[in-house]
Amino acid sequence: MAQINLNKIAHSYIKHPTGDSDYALKLIDNIWDDGGAYALLGPSGCGKTTLLNIISGLLVPSKGRILFDGKDVTDMPPEKRNIAQVFQFPVLYDTMSVFDNLAFPLRNRGFDEDSVKTRVLEIAEILELTPFLYKKAAGLAADAKQKISLGRGLVRSDVAAILFDEPLTVIDPNLKWQLRCKLKEIHEQLKLTLIYVTHDQVEALTFADKVVVMYEGEIVQIGTPQELFENPSHKFVGYFIGSPGMNFLPCKVDGNIAVIQDSHGVMIKNNTSAQSLGIPLNDTLTSLASKASGQLELGIRPLYLKVHPTEVKGALKAKVKALQDHGNFKIITVILAGHTLRARLDEDDFTGTEDVWLEFPVDWIRLFAKERLLK
Amino acid sequence: MNKWEDNKAWFLVLPVFVIVAFSAILPLMTVVNYSIQDIFGPGERVFVGLEWFEEVLADPRLHEALMRQFLFSGLVLLIEIPLGIGIALLMPKKGWGASLSLVLMALPLLIPWNVIGTIWIVFTRPDIGLFGSFINGIGIPFDHTASPIQAWITLILMEVWHWTPLVVLLAYAGLRAIPEAYFQAAKIDGASAWAVFKYIQLPKMRGVLTIALLLRFMDSFLIYAEPFVLTGGGPGNTTTFLSIYLVKIAVGQFDLGPAAAFSLIYFLIILLLSWLFYQVLQNAGKGDA
Amino acid sequence: MGLSLKNMQKKVDGEIHLTNINLDFESGSRNVILGRTLSGKTSLLRLMAGLDRPTKGQLLLDGKDITGMSVRKRSIAMVYQQFINYPSFTVYDNIASPLKVSKMDKKEIDRRVQEAAHMLHLEEMLDRLPSELSGGQQQRTAIARAIVRDAELLLLDEPLVNLDYKLREELQIELQEIFKKRESIVVYTTTEPAEALMLGGNIVVLDEGRVLQTGSTPDVYHHPATTKVAEVFSDPPINYISCDLKESQIQLGGGVAFPLSGRLKTLSDASYKLGVRSNHFYLRRKNDEDIRLTVKVELAEINGSETFIHADFNGERIVIQEVGIYSRKIGSEIEVYVNPSRFFVYSDTGQLVMSPS
Amino acid sequence: MNLEWMAWTLPTAIFFITIICILIAMTTWQIISPCVKRRGFIPLSTTRGDRLFIGLLSSAYIHLAWLGLTDFTIWIAFAFSLVWMGVVMRWG
Amino acid sequence: MKIKKRTIVLTFYFVLLLLPIYWMLNMSLRTNADILSTFSLYPKDITFANYVKIFTDASWYSGYINSIIYVSINTLISLFTALPAAYAFSRYRFIGDSQMFFWLLTNRMAPAAVFLLPFFQLYSTFGLIDTHIAVALAHCLFNVPLAVWILEGFMSGIPREIDETAYIDGYSFPGFFVMVFMPLIRSGVGVTAFFCFMFSWVELLFARTLTTTAAKPIAATMTRTVSATGLDWGLLSAAGILTIVPGALVIWFVRNHMAKGFAMGRV
């Protein structure tokens, strides 16, 4: 087990990078705790696999050092780093039995056969592979194969970290639930440092203690799932985490009121009252806004946006554009001052109105300037 | 795989069928006809039943040629396959080196087979050949036209020289097709180079190696032009393989009946081998997927 | 009028892929085929497209038998799960290809291609080759090609399954808009209940090559006719609790019993399976009628705004989905509440006896 | 066209006609009732056509072995081959 | 260090591989008298006389021309018949498909010697003896199956869904095949052409049997030279070297696709 220190790492696949845009990874400077379950989350091409390969040693970063428990391992090959990795597709030794597959990393390191056996049986038990132990690995179903790949990663008790590169891609949706639970249980039991790369926010959020959100070669936020959800430090996090993503409204703070602007930056008048459309803020938000520079944006999660079918004092009137049934809940899409907002309704909530009134609970309002959260 | 079911596809196959049937079925029928008759000349023939078959089956020279053939094919495979794999492992994986190696490697395959024989005559003659005079020079009298053992060694050397590149190319292609993740996983698992070879490269190459093995076996079984040019089957009959013997009977002695019976037996052996080949191929394909 | 499948069957190598399929799709309707992997969704689409011939049965379009008609002569469009485009054509030529073949006027082709490209945000990519696009853009191209001509039948085979999560979300919304404007019959397959519900329209629930249930999508969601349908149509998986009904008391395992109330009163004595969707379990009492169950926590997953608690209730594994963040220790016993009015009541054989009103 | 060079004889003509008839019959059979791959005592899953081929090829070898190893009439080998063909087609 | 060792071993192998060819080149640049009188590792007095003779003597150079003619005809026939057939095998299931495919393969494996005599008589009957087309047709016996086999592999690598999309779009089969499909299997066609060329080029038995003078290939010219008068080693070597040239040229052009062709394991 180890703490992983990424010390000012940057990487470019081009030999002589000229500008910032030549870098697949811009500047990563972080310390990841021992025994934590981390998820690297981001869209395709955000650099998450590059970062993973740097940690595993398959890639040497162009700049910066990487340390395991304070020891510089930047130039060490993967086998010296004491890590395990599970790939997107099952990687198996076809000619070996499941047992031999699991035992392979131990045998290569010269463990005696008794301890190999104990450990393999233990891991097989956890992964429910015991019934297949003496079968050829090649003949098994995709999920069993992927479990073997997982097993080969888990079998060494001394590894610094186990890295997962979108390991559930090939697994049927129904089995994903089960395998994810398995992984989570294993983490609880064995307290390993796990790093899990994925583009699927559900996988990332349910699996990890700490989620590392990457965007265009940078880490935009590291936090617990709850932090990412409640206080996204970057607009991208707000958009990427949560389904649907966070609502954003450009605004200007006037006193303790956030006045909504249309896409040209013009304030919108409310037809009926000839007043600006305003959302009341609290003192903290007001003072944050006063210190900020640049265009302000108000963000609120669909989950927290309150929607009323009838007029409520202080609520803003909006037009309903669409209502989607998700089964467990509904998503309502409304238009407010030309901006599209989404809100989450309970499955039994109202349907069939043309206008709704929106209430913005002040505790859940977040303000952003230059794409960053004000705090 | 999932394919469309449609018997109209036969129309697409028809041209191939016609062109191959013309060259394959009519001659084959003729061979069958010849095999049960004694033919003296155009229009002069006598039905003899299965006599030629009995004669050919009892012919000790055929038995010898067959044994020689198996020995030769066996030896050639034993050398070419491991050598081919070894060389393939050494080949550079990318860049101009890979390109150049591939082109050089393929050169011997592009030479007409009788020219291969010629090259090796020129190369091994004790008077003017580099190889021949070199062996002579180190004190071993070398003359493959006189010594059966030396004739065999020369033939095998030539065959290995000629065809190992094919094994190399196949094995190389097989190696290149292994996803990088396997090597990464093996590295992380701490596998030695030998373990990587034994547990990843060799099993993953199984498909192409089967093909290489069978192709080489079949082709060495059919070998004609190279030994014909190099040794002419001699000295004596010591390098007379099946094809050479067959041509000797058919063209040399113009014994059409026995030659036809011989052809059919030869053909049946080949048919069985190709069938096995085909089955293994299909299963190898499944194994890879 | 529309497309009808009459008694269709598909056998491949003696293995039955689809059997006894009788379906009607009306013109202008939106239809979802929901089923797990290998349930026969793709086979069914292929039969409808005419790419495969059924072993038995007929395909009728507006009452006319078109079972043996060549694909070329039909008016269909299809989007595959893989990103299928002509690799040697530019995006523009890809989208234009069905129009070019039909010898349409050049200007009209251009107009339609631009329109389709605009709808799918591909204007910038028109000169590129598919291999130069991201997965999402490739699939957009495929969709654009499918909608550029007004085919009578638009088939989409899990078109979003290979895309990144967020892209999927975007395209789901866009597709809905696009479908609304079509007069063609849209058939869309998916494995995901949420996707099926979003698309709405009618649904066909498929399992192991059989049609389990058809109807309007929300209707089937709220009244899944068998336990199998409920399983396929719930994510996270629906929970089942076995119970016995005796003397007006429902007895669950572990000594939990409660009297019948409301609509449940009409049930007669027997063994039942109670189905409860994960989001109908709560960690707090919401209502006086709620029943309290004591369960053992096996795992708690936190997903930003929601918590999934996997727990064991008398040997039956259940998942509790609750909005909000709740961490619970593994192995600890917790209390969960469920309102009996939320129960789907199934008979022992898995037939729906009663669904929540 | 002069086919004299092919040197036809009655027995070979009968032989080839029989083969052609078998092929036609197999095709018709396949059209009427398509065959499913199965696995019998031959360690491969085979279709009817495969079994026919295996039967014919092994029959040829039976004849050759008979000719090479014994001096009895070839008709015994022929009868034996027929039985063998039946066995392969039915249980192979 | 490790990389160096592997380069050394590989270089050593290539030296051995090229040595016989080099020796032939060496011989070809010397006169016969020189060859027989002195042993030399390299040509001391380089002479191109042997090459000049080949290029000026019709009995020699016509051999090359003949070979190139029938090899080209054969390659074209093989490709054009094999393309639709390979498509059928890669896309359709039809009665007897696997049997047909196997039968084609057996022809690739059949020993030429077996067919020699009937071939001669068959082509005599049609009056084709000593024509280019005869050799080209005879070589189809093994080249067409080979072409079908290689192309089938390449075609199977193209997802069937592309074909379906084209049919759904309304393409006719020929339209689809030429406009959509051919560009996709271009490299496959290249590789196939290369192999057909090569196997037709290296074959001797059929080519020798079916020709006498007018269409006599270079390979046959050479064997006859050897067996009759021709112990003019210099001339023979020069002719041999020249037979390598066309193949070497072709392989240089398809080198990038070659590995792919071999990867299909289909030779």
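Order of writing sets the chain letters: A, B, C, D and E. Residues in each chain are counted from 1.
Note that in this section a residue touches a chain if its C-beta (ideal position, glycine included) is under 8 Å from a C-beta of that chain, and two chains touch if they have at least 3 such contacts.
These figures come from a predicted structure and were not determined experimentally.
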Open item on the list: Following contacts chain by chain, what is the lowest number of steps it takes to reach subunit D starting at subunit A?
Closed with: 2
Task: Shared interface partners, meaning chains that touch subunit A and subunit E - done: B, C
- [ ] Specify the chain most distant from subunit D by Cα centroid.
- [x] A
TODO: Identify the chain pair joined by the greatest number of C-beta pairs in contact.
DONE: B-E
Task: Chain ID, smallest distance between chain and overall C-alpha centroids - done: C
- [ ] Averaged over CA atoms, how far is the centre of subunit C from the centre of subunit E? Could you give it in whole Å?
- [x] 55
TODO: Give, as an integer number of Å, the spacing between the C-alpha centres of subunit C and subunit A.
DONE: 26
- [ ] With chain centres taken as the means of their Cα atoms, state the distance from subunit D to subunit E in Å.
- [x] 36
- [ ] Averaging only over C-alpha atoms, locate the centres of subunit B and subunit D and give their separation in whole Å.
- [x] 28
Task: Residues within subunit A bordering two or more other chains - done: none
TODO: At least two other chains touched by the same residue of subunit C: list those residues.
DONE: 51
Task: Per-residue overlap in subunit E, given as positions that touch at least 2 other chains - done: 95, 102, 118, 121-122
- [ ] Name, in rising order, each residue of subunit D that touches subunit B in their complex.
- [x] 4-9, 11-12, 15-16, 44, 53, 57, 60-61, 64, 67-68, 74
Open item on the list: Quick check: in the complex, which residue numbers of subunit E touch subunit C?
Closed with: 159, 161-162, 164-172, 175, 180, 183-184
Task: Partner subunit D, residues of subunit E touching it in the complex - done: 95-96, 98-99, 102, 118, 121-122, 124-125
Open item on the list: Can you tell me which positions in subunit D touch subunit E when the two form their complex?
Closed with: 1-3, 5-6, 27, 30-31, 47, 49-50, 53
Open item on the list: Under the definition above, what is the set of subunit C residues touching subunit E in their complex?
Closed with: 49, 51, 70-72, 74, 76-78, 80, 82, 84-89, 97-98, 101-102, 145
